[in-house]
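Heads up, the next two complexes both have subunit A, just with different partners, subunit B and then subunit C.
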Partner chain A sequence: MNIIACCKIVPEDQDIAVKPDRTLDLSKAEPKISQYDLNAIEAAIQIKEQSGNANVVALSAGAAKTLGNSKIRKDILSRGVDSLTLVADDSLEGRLPADTASVLAAAARKTGFDLILCGEGSGDIYAQQVGILLGEMLGVASINGVSRITAGDGTVLVERTLEDEIETLELALPAVVSVTADINTPRIPSLKTILAAGKKPTVTETLDGIGYQAPAPVAAMTSVKAPEQSDRKKKIIDGDSDADIKAFIESIRPELTA
Partner chain B sequence: MSKLANIYVFSDKPSRIRDLIGVATPLGDKVTAIVIGAQPEAQAAAAAGAATIIAIPSQEGVIVEDYAPSIAEAIRGAGAAGLVLLAAGKRGKCLAAKLGAALRAAVVNEASAISLDGGLAVSHMVYGGLANATETISSPLAVVTVASGALEAAPCQAVAGAEIRQGVFVPPAHPIRLVKREAKAGQAVDLAASRRVVCVGRGFAKKEDLSLAGDLASAIGGDVGCSRPIAEGEGWMEREVYVGVSGVMLNADIYIALGVSGQIQHMVGANGSKTIIAVNKDKNAPIFNFADYGIVGDLYKVVPALVAALK
Partner chain C sequence: MDFQLSEEQTLIRNMVHEFVEQHVRPMADEIDRNHRFPEESIAPMAELGLFGFNLPEQYGGSGIDSVAYAVASEEMAKVSASHAMIMGSQCTLTTPILVKYASDEIKERIIPKMIAGEALGCFCLTEPGAGCDAASQRTSAVRQGDSYVLNGSKMWITNAPQSKIFIVFAMTDFNKGVKGISAFLVERGAPGAEGLSTGHPEEKMGMGASHTTEVVLKNVVVPAANRLGAEGQGFKIAMETLDGGRGGGAAMATGLAQAALDSTVAYTKERVQFGRPIAANQGVQWMIADMATRIECARLMTHRAAAAKDSGLPCTKESAMAKLYATETAMYVTEKAVQLHGGLGYTRAFAVERLMREAKLTEIFEGTSEIQRIVIAGQVLR
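After this line comes the complex of A and B, so read on.
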């Protein structure tokens, strides 16, 4: 079985600063694998371990300057995938979901696949739709919110934990499945997988190379602004001696008994 | 810009149809509800305020998501311009993307604002809630999911003599087979409505210790919530009670964070609280930047003392 695990490279959100005019300063934010895409990669690896004869390709599309980062490539490869395919083009920076999905669709068509796994949402724009759009563009079955996958013969059985019900569905392959954050606990790369990463192939594709044709634009991001913060009192007691705890309790008691 | 000519509303949950129509009404001249079913479902939509209803005949064993081609066909038949509003659950988001692909429409999940000034623009949170992004829509149709209570809903009157049209079922190209469906056991508290919330973070070492948070909550007459990893990952609490950008947005008077680091994805959900109190043993934890009161200390020491003092 050929499995593609989609992972986006996003800026480390803890290093994003808000400027006085409430726009964002991303200049200090290092690239990282989007948190919930680690679940997609892990899910792919687990299917491979169960079925024994799967091939897992990690697929990421993004700006060449980001995907060129060798630390990032190594990080992806050290998570147990067999190879990495990158669609690298600086014009891909900041693309909206419909564009991203059409790039991934073109790449997936070229690579070939039985099952594509996506995360539940990308850490930067958290649009929560690329997986489904990708499935529709490829003309295959697609579903989101999947918290368990069992690979069958030409099918996958998936469990979805919805707001008030749990359902089990069967999808005929090929299919695209978006997994939730609690499908698994992504393992930390081991020394063995880190060493093996250096020997695994990375294929860098261009937009022309995958035969990408830009769809008509449907939307543009016209502003990104931090909301106004409410001022907090910030009365912090530094220490947990009995006297500190007592002072803390007295400081909050009026609030709690109001 | 004047109102949109057409707004389509579909909810996989009957309880959301009224507020979606309420959100749609000020934005559009004509609100059409799409329902799966027949007279009873159509009448329920009319009672919730829909003047026009398209009823797609219900099919045995077809999951809501597989009605996407039928809903797309109904919208296409009615002009395929304007706005489609859906409830922002997992099913709603899945349907939204399927409709977006079928109708070549922009899709935005969990809208935080919809504006008509200078064209249709929809905002949603990005970077874990650090910022709001506004997307200006250029496709004739946009598909937007809305979380409960996220946007203001106008009160709606039941419509007598609503126009009910018959939709058609269009089978999906790759049907998904429903194997089994079970209701989830138990109903979690509605934290969005809680006045006082004690929040459990990963500073708790094991599940048994959660009783500490429970004790504090009962001492102050509040409810217990958690950070996302406590619900997803540890699985110590229900997903319905994690606070944050992808969870519950609080409107509490008091929020007490115990062993919560205070990352932006979490704080976006907590910031709606009037007073924020934090217990964290790391002086540099971001939570202290968002707090009114705080103590740099071990929750295992502070919380029992706090509970005893409040008794």
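After this line comes the complex of A and C, so read on.
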């Protein structure tokens, strides 16, 4: 079984600073693998361990200056995947989900696949759309919210944990599956896998090389800004009489109904 | 000259960071308070390869360098110095001796188990009457046919209660002074080793989760094949092992100091007194600047000593200097950190209280600061 685990390289969120004009300063934020995509990679590795004969390719699309970082490439490869395919082009920086999905779709078509795994959303914009869009663009079954996967013969059995039930579905492959953050605990790379990472194959593709044709834009990013901060009102209602409680409710009602 | 960590070293640091944050931080205070050995950490540490630093790949080691080990030890000590001790006792004090001096049969049988965490090892040099003065050994090893019979007792042995592998130093000839010391491998549970026992863990000021006990040897019979190196070579083996171990101690101290500084930076920026964060006061800023500068220096000295070791260059002086400076820095920084956390720093609300207790041990173990000065002076004055 050929499995593609999609992963996005995002800035380390703890090191993102907000500038006075509420735009973001990413200069100190090192690139890292999006946390949710580590779940997709781990799910792929577990399927490989279960079935014994799967090949796992990690696939990432992004700016060449980010994906050119060989430490981040080794980081991905140290997580247990067999190889890494990158679509590196500086025009891919900060793109919206539909664009990302169309690039991944072109790359997946070229690579070939039985199963594509995605995380539940990206660590930076967390739109939770790429997996669904990717399935749509590739014309294959696509499902999200998956909290368990069991590989079958030409199929996968997936579980989705819904509000009051667990839905179990059998999907015919090829398919695109987006996994939840609690499907697994991604393993920590070991000394051995870190040292072996540099010896695993990496293929760097160009947009032309995967036959990418940009779709008509459906949306555009106008700005990225941190939410406006307002000072706390520090309104204290001291007491526990009915009137105090009523005053408390009246105080929070406008916030809740706004 | 490149002061940057390599990509692999950086990834190893990140790996240990991930491990300690996920697995160790939740238990760090509890194991310290209860003096509980973190048995549940051994298998995951082994799985990550943390017992395989510097060891040949043929036995399951990673062959990775001492700088990477220093980076890992620092990262581990930031969260739990006890874990760094457990790793250090295995990686720097016991397995390297077996790799260099044991027979092929012993290496093939034991080293893979030690790397896999199935057998912990301990370094048994210190005695009640032979601490810094390691040459005053009273433990005896008497040759009887194809065996040696060991009698005596050892003190302050890290990991001893959990260990299966004991590297024991003993006198094969009391008339020859340091040249009469030899090294032996004693395997707990092996025939003849029934007389080996370990005592109750000492009630230490800090690093309670790393157990330190007495080891008693009563008519312990070991095969002559378990002698490590030649008769009389024991003191040299012990000293060269401690040269390596000192780098680990320095790295651990650097990690403790860094953790104390990180906590101090966060706290002094948040703690408001007289209408502004206390970090806005120049007096506080100068203390933080001194703390940060010393840590930087300690780390550079530690990495330099490790790099010298990896290059096969002499590193006795460099290791001793790094150990001396880093451990005194750890004490200096953690003491300042407690001070800057005020009353809370003296409670268990913040880790700085534990870090200060842990830092004190680093100035004592594997050669006190005074011994390091003797080693350094000996190298400088020769």
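In the analysis below, the second predicted complex is superposed on the first by the 229 of 258 C-alpha atoms of A that agree within 3 Å, B and C clash if a C-alpha of one lies under 4 Å from a C-alpha of the other, contacts with A are read in each partner's own complex, and residues count from 1 in each chain.
Heads up, the rule we're going with is that a residue touches a chain if its C-beta (ideal position, glycine included) is under 8 Å from a C-beta of that chain, and two chains touch if they have at least 3 such contacts.
On a predicted model such as this, the values are computed, not experimentally measured, just so you know.
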Contacts of A:K233 with subunit B and subunit C, given as first, second, both or neither: first
Subunit B versus subunit C as contact partner of A:A214, first or second or both or neither: neither
Partner chain in contact with A:I16 - subunit B first, subunit C second, else both or neither: first
Contacts of A:S223 with subunit B and subunit C, given as first, second, both or neither: first
Dominant toucher of subunit A (residue count), subunit B or subunit C: B
Contacts of A:L133 with subunit B and subunit C, given as first, second, both or neither: first
First (subunit B), second (subunit C), both or neither touched by A:A243: neither
Partner chain in contact with A:S78 - subunit B first, subunit C second, else both or neither: second
Subunit B versus subunit C as contact partner of A:G198, first or second or both or neither: second
Interface residues of subunit A shared between complexes with subunit B and subunit C: 185
Residue ranges of subunit C in contact with subunit A within the complex: 7-8, 10-12, 14-15, 18-19, 22, 47-50, 52-53, 62-64
Residue ranges of subunit A touching subunit C (in the complex, touch as defined): 70-71, 74-75, 78, 185, 188-192, 194-195, 197-198
Residues of subunit B that touch subunit A when the two form their complex: 63, 65, 89-91, 93-94, 96-98, 100-102, 104-110, 121, 125-128, 130-139, 142, 173-184, 220, 228, 231-233, 235, 239-240, 245-246, 254, 263-265, 271, 275-278, 281, 283, 288-298, 301-302, 305-306, 309-310
For the subunit A and subunit B complex, residues of the former touching the latter: 11, 13-14, 16, 18, 22, 24, 96-98, 101, 121, 123-129, 131-133, 136-137, 139-145, 157, 160-172, 175, 180-182, 185, 215-227, 229-230, 232-240, 242, 244-246, 248-249, 251-253, 255-256
